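Each of the next two complexes has chain A plus one other chain: chain B in the first, chain C in the second.
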Partner chain A sequence: MGVTILSQFPIDNRTGPQTIEMLTKRILALGSVQQGHFLVDCETYSSVQALGHQRSVHVLHNSEQPATVFSLLDTGTKIIPLATDGLFDLLMMKMASFYQSKKQTKAESKGPRFEIADFCVKLGTVTVSSNFKGVLVEVEYKPCVIPALCWELILEFLQGFLGSSAPAAPPAFLQNRMQEIYSPIDTIQQYLEHFTHFRKSQAPTMMMRPQ
Partner chain B sequence: MAFNSINISVEAPIENQIQEITYDGMEIYQPPLTLSESLVKYAQKIDFSKTTDLDLKREDTTDDSKSDIDPKDAFQSSLWPWDSVRNKLRNAHQEVCVLADVLAIAKDKRYMVLDPVPQEPLETKPMVQIYARKKALAGAANVLLTGAEKLKTSQNEAVRNRTTPDFHIELLRLRQNWRLKKVSNTIIGDLSYRTAGSKYLQTGTFEVTKAEEDEKTNSPPSSPLPGGIVPAKPSSALKVSIPSELQGVAYIEVLCQKDFEDLCSANINFLGSGAPSSNPDMHWQQKLEAAQNVLFCKELFNQLAKEAVQLQNPIPHMVVGNQIMASVLPSIQLIIALRHSTSGDKKIEKPSHSRSEHDHVLEHSLHQLLREVHHKNTHHPFPHPATGPLGPSKKRMMAGPMAADRYELLEMTKQETLLEQIVRQTQHFLMRMRTEYVLDTLAKEFKDPLITSHWSTHSSATRSCVKITILTHGYDAVHSTPLLVYIAEKGLKCICRDGRVMNLSYEPQELRDLIFYTINQHRIQIVIGLAKVMGWQILENSNHLGIGAVEPLGNAASCLLASPTGDRIIAVRCEPQANAIHVSVAHSPRTDFFPGRLVTERKWEHLGGQFRDVRMDKMEGKNFLYKMELLMASLTSNS
Partner chain C sequence: MEQREVRDIDALNAALNSVKVLRSNVRRVFESVSNGLRSDHGEDGKENKYILELQELLTTVNNNLREVEGSVANLTPPPGPFTLGNTTYLSQETTLERQQLYGQLVNNYKWTDKIRAYSVLAGDIFESNKFVKTHKSTNLLVNQKRRKPHAIHHNVPPEIIETFINGIGRFYNDMTVTANRPAGPNPVIQISLGRVFKAIIAFKGLIIEFVTVKSLSENNDLWSESRYKVFRKVSDHCNAAMCHFFTPYSADTSIKSYMEWLHSYITLFSAPCKGCSKRLNSNMPPTWRNFTTLEAYHEECK
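Presenting the complex of A and B:
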């Protein structure tokens, strides 16, 4: 477990698979080895009217932590994270009368997973209710748990294969927590940020264009 | 007297009386009586004239005549069912009235006097009476005597063939120790370890039957022979029948073989040495224990065999028949065999020479390992989740909320199998045995520096520790060299005196070499220690001397000592492999000086002189250090 930085990669004029392929080539050229695939999915439930103030619960799964269900309760003013056992999914089913799932918002990011020395790179194709939305690049530096100590290193590594599209600053979520110990739920928070962003945005212009 | 408390209820048969049987065999039953009818029936049966026992007796005699009449009466008075009852009551009333009248008249004593009837005194002859009484008493005495005799014989009989009296008491005892249940008409017991956490599929059921019929068939032929074989046979009211596959004796044999030669062996058989035969007359307790032992051994072996097949080892484990072969160390194999003999008379043949060495550690370990598995199956770590599956380890339960990643989860699934554990324990056992052997032989071999080894009592099944101290007899206060050896499964970790850690392999020669080296160091160190005590100066000391003949193993160590006045020098050189010590002495200046061509003046003699060997074997003294002390003392006093 280490520090993970998630960044969006602009797809410009390419299709999703093309982008992934290009990044795969770059990362393989660096000497990494593909280690299977990964999947992060997110489902959002919102509270019914009877409960009063509208709240939403985001339930996320990460294939990196297969025994865990992450949930983030968004009360509007703050976000309460929770890491639970797999049984949480069953609990949500029982709560169907209070929290209803928004069918159209199931977001997921999946793709190949690479390992290169101490880094683990994941190239995710993001789909929101099975519509392609963009590409997310996740880089994990495993030996370190304090983001502030390894941000420079990760940035350098990101620049190595993302070029100018590498993020200039740490993700907004991490900026206040650079000195704290990083935990898997922080990764999930970053994913949620991107997913909500993707949900709000329109489908990429590229898809609108005739092929 | 206990019978008084027994309540016996007698009920009328549920079937109705047969009224008629038609020619085709149909039985026509009387319709059941209604409640009022039955009341009438019972009321009719009341005979009000019956008052005393005498009447009752008379009744019996006249019963036949009456019974003929009764049905007729019943038929006649059937017009009104209470007729006979009324008649009887009226008669009784009349009698009571008459009696009351008589009593009233007699009370007045004017018209009627009641006189006692004079009894005619019986004519008694005293002698006849005596005889009669004597005879009667004799008769009574006879009855009592025969009764007493009968009781005595029956008691003797009971003592002789001690039949356990009650089936139910036996059953109660059985129930206290074994699980029993009643299935229709049979009593089924359970031998299996399932309640203790075993998941072995084979059922260990046995049936409990009453042994009485069996005994009765046996006893008649034996009773004609008075005091025959009957008492020798211990009998029980219970008979326990065990399925054939659990009968007999089983045990697990553990052997360590080196090139088909036994190194050690262990027999696991937790009934101890007294292997019970499958004698049919054996007490049920022993019989059941033996059967349970068979079941346990089978489960253990089954588990080990399953693991042996599944385990991926560089040298695969072999399972052949009732035997598992696992390689422990190069050219040493662990053989675990299930021995199960069903026939009682055939004793387990034991090759007496090697297998007599019974190893309790391995025996206990194997036994313990399966018990641990059982225990884990039933004892789940606390706290139990209210809504979670029961069974995963505490670590696994925490894995979800703690967001454990894939590698951690994979690590958790890895469980050490029984076979792996026993192999590790055997490896450790062999390592320990080898170390012991090396230390013992070295201690026997070396008398000059003494080697003492202290085995720590704090050890586990796969790790133990021995502290070796090397010291010279009589000089243990001057210097002693400790060496700590940790014995693991496949190697040794030795911590030397100077804090260096050496990892040795399973080859015993390595430890031997290390101890040789340490002895060598010890010799030089103790000479230095002695020199300090004697007031000599240490000029030079090297543990790894670069000069001289090349040693086959390690390096020679040396030291150079100067006498307090500085005119004598002793050089000591120890060679580890040859176990030889060379001591040389130099005098400077020499006591006698002859000027020559090259050395013209005496002052040049201070530069040092020729070294001359000391023949240590010719010197007095019981050990090397004593000789050294003498040598130093003599060289000091000379000056």
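Presenting the complex of A and C:
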């Protein structure tokens, strides 16, 4: 598990599959090898009125950590992350009378997964309740766990195959955690940031980037 | 001096030889006496013939004895008793198998003596082909506390290695050193370099024998490779550098230079290549460090 940077790739006037195909060609041309597929999904539950002040629980799964359920409790003022085992899903079902799943909000990003040297690249097609919303590119540099040490290295890699669409600065979520040890839940937080943004947008996002 | 020695040995050989001849002829006398009259003495005057034969044999023995006395008189007696140290006790051994130990001991001694002679020669050759392999900044570090160089660096008391290793950890505040000894007095140490990687280093005395570089989350096994390509590359460079920094006469200086060099990997993920100014080449960061300037280079750009 290393530092991971998630960024949105503008689809311009292409379709989702066309964009993925174009990026796949580029990453294969760099010498990468496809290693299966990946899936990150997110479901959001809201507390019922009886509990008073409304809170949300975002429950996410990442195929990279198949035995873990990630949950993020959003109190409105801060976000409390939690990594648990698979039983958490069952717990949420038991809590159905306090936390109810928001309809039409299931978000997921899935697509091919590539490995090249010590990098892992994932090209994700994002859908919110089965509607196509955009493309997310995830790049992980596996040997390094401190974002500040390898941000510029990852940036150079991103520029190498995203060109001018590469992000200009580290993801907002990481900016005040650059010196800390990176963990899988940090990837999840980045996904949530993007999913929240995609849910708010109506049509497939064209040129906008979150924040 | 040498000529006298040769003469002594020749005289000793001649004396030993004459003793051998004497013994063999004395044996013939006893043989003849024990056999008594034989058929080849015939029938007529056989007693006389036998006595003549015996006389002849005894005369030979007499002559031989004179030769022995003569050759022994030629020998120069050793000036004093031999000092054999503890090996003298071996001569008091009664069991047969231990009596052979002395011979083996002598062979061993000869062998060690030869090794010594050869290594003195090799040392002279190395000395005359010396070239500077340390950086200037390291000399400061060495001068701070110059330890008396040890003659043989692969056989150093564990306490010296211990203080030496602890010294490394104290000198660099971003290098944490832990040591353990899986096999006798020679330690295998783990150096954590900031939060970049850890190096597992096997020592033989004060000589670095083998290095493996791994991610901080990987195991401490010296013999298994890292699962990350970048650390496998750095491991290769570390082992090559070990040969570069090795100097036969000052193992401590060479380790200090080596540590200074290893420490420069603190920028493994962040430093751009001095050759091409990029961070990535074939999707790898600059994994090589110049031995004297400590600058970062891609393997292909050095």
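Just so it is clear, the second predicted complex is superposed on the first by the 204 of 211 C-alpha atoms of A that agree within 3 Å, B and C clash if a C-alpha of one lies under 4 Å from a C-alpha of the other, contacts with A are read in each partner's own complex, and residues count from 1 in each chain.
Criterion: contacts are C-beta pairs under 8 Å (C-beta built on N, C-alpha and C of every residue); 3 or more make two chains touch, one makes a residue touch a chain.
The model shown is predicted, which means the values in this text are computed figures rather than measured ones.
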Chain C versus chain B on the shared chain A, clash or fit after superposition:
clash
Check the residue A:A117 against both partner chains and state whether it touches chain B (first), chain C (second), both, or neither.
second
Just chain B (first), just chain C (second), both, or neither: which does A:G163 touch?
neither
Touching A:P17, do we find chain B (first), chain C (second), both, or neither?
neither
Figure out whether A:I185 sits in contact with chain B (first) or chain C (second), or with both, or with neither.
first
So, A:E152: does it touch chain B (first), chain C (second), both, or neither?
second
Return first, second, both or neither, reflecting whether A:P143 touches chain B, chain C, both chains, or no partner chain.
second
Looking at A:G86, would you say it contacts chain B, chain C, both, or neither? Reply first, second, both or neither.
first
Listed stretches 110-118, 128-136, 182-190 or 218-226 of chain C, narrowed to the one that overlaps chain B
110-118
Which positions of chain A sit in both the chain B and the chain C interface?
1
The residues of chain A that touch chain C in their complex are 1, 30-31, 116-119, 141-146, 149-150, 152-153, 156-157, 160, 181
Which stretch or stretches of chain C touch chain A in the complex?
195-197, 215-217, 228-231, 269-270, 278-280, 282-285
Okay, in this complex, where on chain B does chain A touch?
387-388, 396-397, 399-406, 409
Quick check on the complex: what are the chain A residues that touch chain B?
1, 63-70, 83-87, 183-185
